[in-house]
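Each of the next two complexes has subunit A plus one other chain: subunit B in the first, subunit C in the second.
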Partner chain A sequence: MAKWVGQPLKRVEDPRLLTGRGVFVADLPLKDPYAAAILRSPHAHARIRSIDASAALAARGVAGVITGADALAHTQPFAVGVQAPVKYYCLATDKARFVGEPVAVVIARDRYLAEDALELIQVEYEPLPAVVDPEDALKPGAPILHEAAGSNQACHREIVYGDVEGAFAAAAVVIRERFRFPKYSSTPIETYGVVAAYDAASGVLTITSNFMGPFILHALVARALGLAENRLRFVVPPEIGGSFGIKTSIFPYLAVMGLAAMRTGVTVRWIEDRREHLLASSSGVDRVAYRELAARDDGTILAMRTRWYDNVGGYVRSPEPGCTFRPVGNWVGPYRFANLAADAHVVLTNKSLTGPNRGYACGHLYFEIERMVDLLAQRLGMDPAEVRRRNFIQPGQFPYRTPSGGLYDSGDYPAAFERALEAAGYDKLLEEQKRARAAGRLYGVGLAVAVDPSVSNMGYITIALDPAVRARPEYLPKSGAIESATVKIDPLGKVTAILGTAPQGQGHQTIVAQIIADELGLAPGDITVVDEMDTFTRVWGISSGTYSSRFGSVGTSAAALAARKLKDKLVRLACALTEAPAESLVFADGRVMPRGGGSRGLTLKELAGRAHWNTQALPPGMEPALEATAVFGFPLADSPDAQDRVNSSNTYGFIAEVMAVEVDPETAEIKILRYVTVHDAGVIINPLIAEGQIAGGALHGLGGALWEELAYDSEGQFLSGSFIDYLVPSASQAPVIEVEHLATPSPFTTLGAKGLGEASSMTAPAAVANAVSDALAPLGIAITELPITPSRLWHLLDAARRRPR
Partner chain B sequence: MAEPRKIRMTVNGQAREGWAEPRRLLADFLREDLGLTGTHIGCEHGICGACTVLLNGEAARSCLMLAVQADGAELMTIEGLARGGVLHPLQEAFWEHHGLQCGFCTPGMLMAAYDFLRVNPDPTEEEIREALSAVLCRCTGYQGIVRAVKAAADRMRSAP
Partner chain C sequence: MKPPPFDYYAPASAAEALELLGRYGADARLLAGGQSLVPLLNFRLSAPAVIIDLNRATDLAYIKEETGRVRLGAMTRQRAIEFSPLVKSRLPLLAEATRWVGHLPTRTRGTVGGSLAHSDPAAEYPAVATALDAELVVRGPAGERVVPAAEFFLGLMTTALQPGEMLVEVRLPALASNSGWAFEEFSRRHGDFAIVGIAAMVTTERDRCRSARLAACGAGPVAVRLRGAEEILEQGGLGDLNINAAAARAAELVDPSADLHASVEYRRHLVHVLTRRALKRALERARGGGAAPLRS
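This part shows the complex of A and B:
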């Protein structure tokens, strides 16, 4: 019975953060630390002829300089998730392949001295022609980044589900469109930070950083450094200052700072600065997409075809090409159509590297799908809401197997969609639009819906490989997704829960305290939750970490299961002590007592005292210690089959959004008048935290759709190296986001909860693009490229006005 | 490179001193020399506002100032906002209204809000949004922050 789950509890994390006492990686007290500074390539593409670091080595306070020669001599390239021979070392070795690529590292007494010494390093570059557009990069004669690969195509998969040809041949309507999705990053306000210390006596390299998982990357770093995994310790400090997927991609820096610590013997601390972060940390891919849709004339979608050019930058950095394949199981979104073809090109260009960024490929996906649905509605002269209604997967169809192998666990898409229309007053908005248009105003209403996947199945990424490769006997199949939790009760009856997660503001301590309080009949304040990840002491697996909206489903499941395991033990103990039958015992108010009263039972403190102090009197066969560890793994996360079908995530929520906008015809400013979002993330543990996740995700999506772009010129020079050029939305630009929930509990998680951390980041671009397109429909403008910056939109408006009518 | 200079300042009501080269940023001096790591550094070019402190009573970016420029000044940092273990109404309101997630921008946000409410104790939502655009937050979408500042303003006005 839930007393605490579902309550908008204030977070236990907050008092320390509100008073400046949080401990982030840059705040860690260190014994005799040295600072690292990184020399980066000023060229988009250049051969490195030579590096002369002698003057830097002689400079004041310098303990060492690490270059590509050290990387070649002492490290291996990182494993990459594609067949193309792309060698990716932690420092540039032969060539620099993007502006900002690390070329050398100086280790000095402090950061000021390290930066002084950087200026003394002489690098002789031979600049080479560069290419930044993913379509250009595949044309004959394009500069080749990795000569051994022979082309810039890192991976190419053509996958067909169902009878796509037949569906297009039978269609009454075919829509074709080309889309561009920009390269943007959620830019956490805390940048990357690494502390590396090598203990030569034990041979252990300890790396403390704001890395967030997945912890498969621990193995990649260990292999790159030639260390056994049990000699490489990853530690995550109590706080991470935001990540949104971006801090997954810190791992090459863990290797390079680890190398520096091992080579110099000193404790190395590197705190990335903002320019470095914008230049060379990570982002989602920029994508060019050609999409086709086949439909009946009643609006029923029969099939879609898509051709993607996904730009991963200069190297393929794990977990790429997840940018392309992460949503494979939900490639059809919330719709019933059974025929789908994807022609996916993963392309190398002279841009910075990519990786998970909130929504990981779903913002791209739903921008395309939802724009296509609106274009279909426009072609048929139908209400876009009605077209969606006609295509939704129906509530009776769950669990629903998609053509690409996804297994949608639960949902009621029509109900959630109608709830959004109702909350927004959709009909009234359309009336308002009529009045506005009659007055010559540019007023639009946009809809967007999405299936929100969470907890990636580790097997999805192998869709990047041809099924013939996956069928080879030496191939190691990949599957699953796990999380662990340990719950223990001390001799005075208080509870400690230990997680294997790396939260970045998601409030795991609060959530787990709520869950365990319910399971054990305690108050959240009785429970201390420890979430500082440490690979030497936590129970973890390769999928561990706080990414792909995992915690809401897999993390909460592990915590509840661990508490239940411990509870079983307490029940046995209480039965032995009170002679009450097990099924009569209830846990409430810190006691274990028979249902219906009659006896005061035992307090948890009394039980714990007996269990810890009198182990000889434990029931026969009971293992001593009041402690339980549970590892929750999803049972339906198999590796891909021979037809490339895979349940790529483990729970699937639903999002329905309505947005009303007005465009200023003079300034091209887009004003968001209403933004309603309805989420089905199953059981909500803490509505306060859930709303915070949704509002934050929505603004990330809007940022990428309206303002943010990591821009390059045609020569590969980087144009947005500060927050003056890279426009992060501020409070004055953020709209009010109206959030509602509908809950269809997941049958696959312990508490029925699903993830929602990425949430509206994946729908906001589609919603705003549809709303702006609707506003500009009288001018014949349809949005197909993001971000819709004022200057870009002004040019569209200007061109439309010049067009003869 | 010039020689370090002795710097004296009052921080959160306490006299503090240290040595710093003229090029040393005030933010680095506070964090590394005085151990006040509550002030965070997010961009080092004056846009994100995470490093906001009060300098002689007014909000200032500690990443855009040198420590030597603050010699003799009176500073307040996030560590000085709660008094005697009692949270400031702004801190209470941020807690109540989920005005923070990762907490990295929070010190700057609180210091900027503190300065803003001093100047405008009864702001509209629009004024709050305008004022807080001096500090970037990536987690919250600003929704909880705006509510918190409004609630704190109401409470501070009604407090005796």
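This part shows the complex of A and C:
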């Protein structure tokens, strides 16, 4: 039936993007725009004693200066997802809590003049001691960021699933390890961009930006600015130049530029520069984790205990602490063990703020789990592949309920895993390793597997709250994961589809055209897909947007359902026009025809013309116009229960990877020799787009594992403020990535598809850490910290060679 | 990231540029390929009152051979050097080092004079100039003077150039017979500034080492000549053990500092490893006519 779904169609977006004709926020023609520039704190932690902006206000071309005093007087702090009294305003009000925190905004005729005027603002700072390490921040005597909170702990949850104590008591083997995962970001080609214009006559604030959802943040901005939601218009231009999660965190800038537009009365445009982006946009958290694993001596995992510290920086910016809880439902990964204890600490330090970054906490999770599994194999002298085989959830167990409440929809983990081993020639790699080791070379083979969650359930974030809080009568539960789409057929039978997804380059126009072409028996070229966003005119829900790898399942489901609604309508119309009994006609191959054939029936074009041009002939009760909106909501996205169990995502794919590396014993350079990745993301709608996502995710994960780090010194000064020091892997670092697919369709989505936009970003850090550890096992080296830079790795080698053996 | 205001001049010749430089002195900065100065301006780390843009001074862009040496005009693009048959045959060490200089787009703008005058401690060209005893031709209000590389690179981004002076040419000795060369570099990613780079040139005479030339970048505040290591080779020859002794000595001669990417000890260790690798490859070329493959 599917003619177009599954085809590797070239993206309809690419001709305009590759020829420079995409329209991004910075390209929009504006009437009389002013430029904003932001004064940022040079201190990691400092009290702001005074701000004197008089010289800046008097400077050439300056229309206004906004400071923390304006934020205090005219805005509310943003809602935060924790109970600690952390007040987060759109500008620093009392203190600056990280280097780069916005302190004032200058609005001027152009960006040059605005930056000139920034230098004229006099800020009197009282520098305070800073803390950047999440464990140090919880020690007695540590500098306190938010005095009202009394400590730097923004949130602490201890959750036990199953009988963890019993499992550890019964275990033959217990493994313990400490891990560090670094702070890294996404650095999309397009930085943040915001245009804010306030119409005092109507009281409407229009903010055009590259915001990509979730649209719950619209409510946050409206509340901060004291606007009714129907007086705050978000517009997203046709293109967003990438995000990978990072642009979720643009919303404080929407508020501050909105405030600037409202205070000055001019149209304010702010385009973030790359320095600002590295300094203060967003990143994943750096984490310190302590893990314990209990197992039988045959390699069966019985339980895990984990205590960890997530560093969210100076404030808790929504949707944090999602970093800590986004993978709740898949905390056990692909393994069967039923006992899990989590001791989660969300910690405030003098670093920049965090948020969703491709993989959102899953890179952290699988780095720890997969290293632990390898350490178990090493302890037992077993093949790491065999340990994994013995612990996988089995194909007959789906849908599988995890101890923490996740409902894995479908999968065949052993089959996908064996496919990866076979594709890589795992046995041959091990033979090669024997030869290499005999020759004194450092050659390693690493495995990593993961459950790839997508379409987050809004309710997961409330795991940050104690169940007793969630049980209070005034508490408003949160749940769900929805998306909408509108499809309309014009009088000549062509189709326009309108999305509410705000994509950032994922190819939604191509994908939706493929889906609707199949549903309505058209060619993809017959369908125009509109994916720019306007909250005044589009259907949208709180969870709308393109994040959490959600479009591939929830967005596609909505588009298919909207088309199916129209098919039903066309069948009813055809029944009326041909006086055929209801149920006697069906829609097939782009026309309505008798069930079982026998007549050519009426084509889509013939029906569309009749429906539009002769509305008086519509059957009684039928609404005129051929337009349908569908809102798809996942059926099993409930809010957490009293035992903190929650189905935190809605589809769960699977990833199995094999990597072979060689380490130069002299320079400690790591060369990736083979990288095989097998994905089960259900039905693949467009393999070209899917493989692009997988390759990008893999390289992003390798970036975090080997090159990228937003680094700070112990005083909180920022060390990676340009691309000279923040090293993003480029084509010359990219290994050949061998991709294979296996499809177990999701029973919960319309097309059986699952998300895979984050994909190997979750597994690449684990795979490379396992491979490098394997290479260095003869020297007794185990990787527990990322990134593995050559300098750090050489020091490990050097120390190992000096150790008496 | 917008620069503070400045006055801009675009002279059409070296003479016009010198006149402007004489007029504005220390208030002026020369803009060559802009690969270092423009970011400094945009970060507002440099705020000159006057920018003198040399990109229209076409009389400063040339590659000329003379007996025993090659002269490069200061505004010669790195990309022109990369593709020059003359450089490839007469200055193969410079050609090989150029492959490590930034990326195609930056080499298309970046110039040899800009790189030498900027004297970034991790840059490749100052190391090549230092290894080969380049002569740097400097023009100023008092006329022209020729500064040997050993006296040109003074410290961290500091050279012998005085206010009012500009670098107009660099002269490098052409490849001698029985010579081999190699440029070895280690960086986090190809095209990044070197963590350590080593420029090596050896000239053999039967089994002896007639001369050795070694310099390092990324291993101190300024490109450094490794004379003590050269002497070990010139006295003890090019056997494996002696090459290793020279490489070990090289690691003692450098004064690296730590940064985000590498510790002092690691940099010192890399000087040892890369010096040995460079010497072995240079020796192979000296013996075999220079067909050893490039490492990248």
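In this text, the second predicted complex is superposed on the first by the 782 of 805 C-alpha atoms of A that agree within 3 Å, B and C clash if a C-alpha of one lies under 4 Å from a C-alpha of the other, contacts with A are read in each partner's own complex, and residues count from 1 in each chain.
Throughout what follows, a contact is a pair of C-beta atoms (placed from the backbone, for glycine too) under 8 Å apart; a residue touches a chain by one contact, two chains touch by 3 or more.
In this text, all values refer to a predicted model and were calculated from it rather than measured experimentally.
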Let me test your reading of the model: by the given contact rule, A:Leu442 touches which partner, first (subunit B), second (subunit C), both or neither? neither
Quick one: classify A:Met262 as touching subunit B (first), subunit C (second), both or neither. neither
After superposition on the shared chain, which partner residues are touched by A:Glu13: those of subunit B (first), subunit C (second), both, or neither? first
Counting residues of subunit A in contact, which comes out ahead: subunit B or subunit C? B
Once chain A of both complexes is superposed, is A:Asp273 in touch with subunit B (first), subunit C (second), both, or neither? both
So, does A:Ala341 touch the first partner subunit B, the second partner subunit C, both, or neither? neither
Of the two partner chains, subunit B (first) and subunit C (second), which one does A:Tyr112 touch, if any: first, second, both, or neither? both
Contacts for A:Ser730 in the overlay, against subunit B (first) and subunit C (second): which applies, first, second, both or neither? both
So, does A:Ala698 touch the first partner subunit B, the second partner subunit C, both, or neither? first
Intersection of subunit A residues contacting subunit B with those contacting subunit C? 112, 116, 273-275, 722, 724, 730, 732-733
Which subunit A residues qualify as touching subunit C in the complex? 111-112, 115-116, 119, 273-275, 666-667, 669, 707, 709, 711, 719-720, 722, 724-725, 727, 729-730, 732-733, 789-791, 794-795, 798
Residues of subunit B touching subunit A in their complex? 1, 21, 23-24, 31, 36-45, 47-48, 50, 77-79, 81-82, 87, 91, 94-96, 98, 100-107, 110, 126, 128-130, 132-134, 136-146
The residues of subunit C that touch subunit A in their complex are 1-5, 39, 43-44, 186, 188-193, 195, 260-263, 265-266, 269-270, 273
Which subunit A residues qualify as touching subunit B in the complex? 10-11, 13-15, 17-24, 26-27, 112, 116, 186-191, 239-244, 271, 273-275, 504-507, 688-689, 691-693, 695-700, 722-724, 728, 730-734, 736-737
